[in-house]
């Protein structure tokens, strides 16, 4: 049987971050749809969109900020699946400190990674909410990711770190205990999702449908705790190295599952609410990361496949 | 002096190969007048020498004649056409042997052939190169690299390299300076034989007055500061010259005459 | 021949400076026996020459004596201690001038002083260097770089560089090969004067038999393949030698004798 | 005048064939002409639609941004202060790489211990992805320019080492023998013979380093924040403002070209005996 | 035999001082000794607690990972296939950089057009942050090894160009005159004189390139996917598994050392007339 190749480009090499895809690949859900998925990792959302625009990939996995900026630069693409409906960012501090609320960070230095810039606007929104003004009440310091962030904490260069949730989780798991200060409200700042070019939807809707169906099956599969061994195996099929430390991998998989489960399961896997988009939009405009407002936010995403995809679960 | 004014002994009809008129050279870098008003005519098949104290401009003159350096004034013509760049019918031998260190001795000798006519021709000329090496006495060092040759051996390899293409004009800058007298005498006689055989025109820079007189039809005596020809001495000894002629009284006269000229030149 | 067997003319009490015993040298790379069984004694203040056909091992011998090359067999002693590396009391002049292109001529000449005694000493020796340059006739080129010197001028600069430290032992490898006869004769006489003045011991490689005879107390005649000394010719002409002596019949005898030795040597 | 012209038009080291057509074109014209050709090609590629403007901006977009960025730069705006930070990183990085690289190059070529024991580790160190060491530099030097300088030094050190090692070994045998007969110490032989004789090779290393030092500084800025041009480029890249990225890169490359040009001119003066130019005279 | 030993113990080009203490130590011993000293220092730094193990792993942790990774590598696991991909990128990248770099180096040194018009743009191109071009390469060449090779070539091209340009210009005046008198064409002079005479400098460029090509391939893997060692390092790095990062880097650097070593040995044979070794005899 001839399988059609679908290239998915992601901003980070971790397969755990896209475990529904990994599971669907390993369980043969994609093959059932006549698809063969290839995952390629680039470095961050910018190159991701560029690869998509260049036709090197069918589906991309960007963050909202970069995606909206690309939309304003004329990228004709739609966000079709909210892979991480829960905020993929958080503001964390060392557990040993006295900070328990974002307001405690007045006058402090907030470290931000440079990966996307998205966590910067995320953090900025939180401080805006409580009336703290950048460069007056707090300052950002670009510290980078991973080891660099650790170094920043250890040196005392930063008091808090605005990070991708999995970054924080990893630092935590590696023995540097962090406390999450993210207010509940900011969970709507959803993380990376799946994007395809308009032209693909127009020319090959079957591919989009088939891909989504398999993905929803994968997401559902991953969300069931008894499948943990199979998930581990699925991740290993892409990146064996990621699950060599099984304890570490299980803990991370658990955290990612929570993040990837929709707030309202009844709407189905992948569903996107306009409100969440508006929250992002406002935040990006306020921070200047988006130079001009998007005229019609409904243009940037679509839920048109969600029902069809999710129907596979009820069968 | 009578010797210098007499007619040339060579065939009077010999056509002029080289004609230098009023050649001057100034090295811009140090504003040094290396040559001034040098006029020289070399008839076909003639053998001429330049002699003059060190630094008087002999190498400069040869480089100009070979088209390696532009003259700052005057004209240089070879067979009627101005020399502006090197020409294949000129064989030049430099004061330094300049062998390529990555080639064996025989490949160095075959260099001009392989450059002009390709590898096959060079291979074909191998025997000829070996014969030349034998002639100059460096047989057996075909496969040696330049760093394995003594000073005189390198110089002899350079001579072979020049001779192998049988050029019609030879410009030689102290070709035998690193050779002992025995070999040198022998090489001088061979040089004469080769030139006569091929009717080649030779122009030799040398420090040995005896060598100049023995080999040349004309000896150009140069003086320094600025470098110029102070006298053309025609040598009227019969050809072919032999080593015995060095005992000829006329030979002695020539030598003494030139030595006096040089003496005077170096004193000014 | 009587000439060769007679006693040395120098003070019989002169102590031996250099003693070479049975020195041999094989170049491993090409398994070439460059020297075999060379034994030489140089008394203090003596002047000796080596003469031999090109490639017979003269430069090799000099490099061994200077401690630049290890001998493969035999011993080399200078004032009773084995020579294993160069020593400051030896002044060596190479076959190639080897001037540093980034130094002016005078700075090249002052090089040994500035290396051994520092810049201040070199500055103080400037006048001495200028005097030497004047002596060898390259005055006025103090500020010229090596590429601006003619072949002979570079060689003369190298001579100045060797003389400026007034070494007690001079090892000279064809120091005058690029010089014209007038300058050469003059330089030979100066060399003799300097050596006698300083009671320096000199060892000269030359291709000129006349030069060897004129300057030396002993002429070592070498023959090639393998390089070896075939005869020590003691020259019993009075000191100081003068250019006039070249017309002395004894001088002619020496020259002819050595020439015959070389002739035979090169034929074998 | 004519005399001078004649000598210059056919320097000794030149090929016999005389100036070709191209050689007659004055330098600024040929630079600009070639540049114009590149821009034209660039224009054609973007106009043809083969490449999305999200990846390769059009020349016109870039020009616009060049003007915007340039205006900010030359009126002392934030681009200028970013450029100033990056310039400091580059210059410090280069200076340190030159000094340390030359010293290590000498160690490695002059001592068997250096050649045998130190060199393999230096080689290994240089093959390692420098990015992986960035956290270490940050941990030690913090987030200000020191950690960027450290990475810039790391990236540009090796060309200097290799160039120096090769240069120091290139002195010819005759000169080495000369120094040996003069009984010159190793150190002095090094200073007065081996290093001068090796300058052409050392400068080859310096030229290569003068460019990689830029790469090192920018990479460090990409990874670890700070306020240099690398940061500006990153921000623009995140926003997919490719034209701005190109404009910033072009200004940045002027800095690189200037440093390279400086080293090239310096070489001409320092290694004056190697060129037919009057040099120091 | 003793004869040979004598000559080798004091080659002409050596310094007069004879072997020092260090020189008597056999190579493997001195390499290992120096390595042991480094590891000891490393141990002390980590044991002292100055640096968090999240930034710098302890030698023991690294050793553990070296064993794990090594086991995978030598039993044909995923590390081996990653290493093979990276090796291919490196070798292709190096080969292309050498060929293109030498050609460009010749263009730049041999024609005034190249020197005047092309060189400034090459310099500018090299100063640009190569990372910014990675998306362009991905857009053109896709995610497989071609785009990695492209970046590797880009990164390592310049050292070859600079080395070749400097080398080709280093032929001495006497040899150039010799070739001119023989009426040799420019092309043949290039091939038979300038390139051989420039080989020492060309090899300097090649050595530097042999190392930067590694950096280029790994960077490209960091930026543009694929399944090479860069990807493994990145995964380990995102998981803050620093010991694994170090272990992978160490294996990777063996590849770099091997390539560098190969170029060094090649140089010794190709430029045989420059060393006192028997070379080709």
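Order as written gives the chain letters A, B, C, D and E; numbering starts at 1 within each chain.
In this section, contacts are C-beta pairs under 8 Å (C-beta built on N, C-alpha and C of every residue); 3 or more make two chains touch, one makes a residue touch a chain.
Nothing here was measured: the structure is a model prediction, and the numbers come from that model.
Engineer: Fewest touch steps from chain A to chain D?
Structural biologist: 1
Engineer: Which rotation angle, from 0 to 180°, best lines up the CA atoms of chain B with chain C, given as a multiple of 5?
Structural biologist: When the C-alpha atoms are superposed, chain B turns by 180 degrees onto chain C.
Engineer: When the contacting C-beta pairs are counted for C-D and for A-E, which pair yields the higher total?
Structural biologist: Of C-D and A-E, it is A-E that has more C-beta pairs in contact.
Engineer: Based only on mean CA positions, could you tell me how far chain B sits from chain D in angstrom?
Structural biologist: 48
Engineer: In whole angstrom, how far does the Cα centroid of chain B sit from the Cα centroid of chain C?
Structural biologist: 28
Engineer: Mind checking the centre-to-centre distance between chain A and chain C? Centres are C-alpha means, answer in whole Å.
Structural biologist: Chain centres of chain A and chain C, defined by C-alpha means, are spaced 85 Å apart.
Engineer: Would you please write down the residue numbers of chain C that are in contact with two or more other chains?
Structural biologist: Residue numbers touching two or more other chains: 29-30, 67-68, 85-86, 96, 147.
Engineer: Which positions in chain E touch two or more other chains at once?
Structural biologist: Within chain E, residues 12, 16-17, 52, 55, 135, 139, 173, 177, 180, 183, 222, 237, 274 contact more than one other chain.
Engineer: Residues of chain A that contact two or more other chains, please.
Structural biologist: Expected reply: 46, 50, 53-54, 146-147, 150-151, 154.
Engineer: Help me check something: in the complex, which residues belonging to chain E touch chain D?
Structural biologist: Answer in residue numbers: 12-13, 15-17, 19-20, 22-23, 25, 27, 30-31, 33-35, 38, 51-52, 55-56, 111-113, 116-118, 120-121, 123-132, 135-136, 139, 158-159, 162-163, 166, 170, 173, 176-177, 180, 183, 186, 189, 200-201, 203-205, 207-208, 211-212, 214-215, 218-219, 222, 230, 233, 237, 245-246, 249-250, 252-257, 260-261, 274.
Engineer: Taking the touch rule as given, give the residues of chain E at its contact with chain A in the complex, in rising order.
Structural biologist: Within the complex, chain E touches chain A at residues 52, 54-55, 68, 77-78, 134-135, 138-140, 142-143, 222-226, 231-232, 234-242, 244.
Engineer: Which residues, counting only chain B, touch chain E once they are in their complex?
Structural biologist: Residues in contact with chain E: 63, 66-68, 85-88, 90-92, 94, 96, 98, 100-102, 111-112, 115-116, 145-147.
Engineer: What residues on chain C touch chain B, complex-wise?
Structural biologist: Going by the criterion above, the answer is residues 27, 29-30, 32, 51-55, 57-59, 95-96, 137-138, 144, 148-153, 155-156, 174, 177-184, 207-209, 259, 262-263, 266.
Engineer: Inside the complex, what are the residues of chain A that reach chain E?
Structural biologist: Residues of chain A touching chain E: 7, 9, 12-14, 40-43, 46-47, 50-51, 53-54, 56-57, 145-147, 150-151, 154, 167, 170-171, 174-176, 239-242, 244-245, 248.
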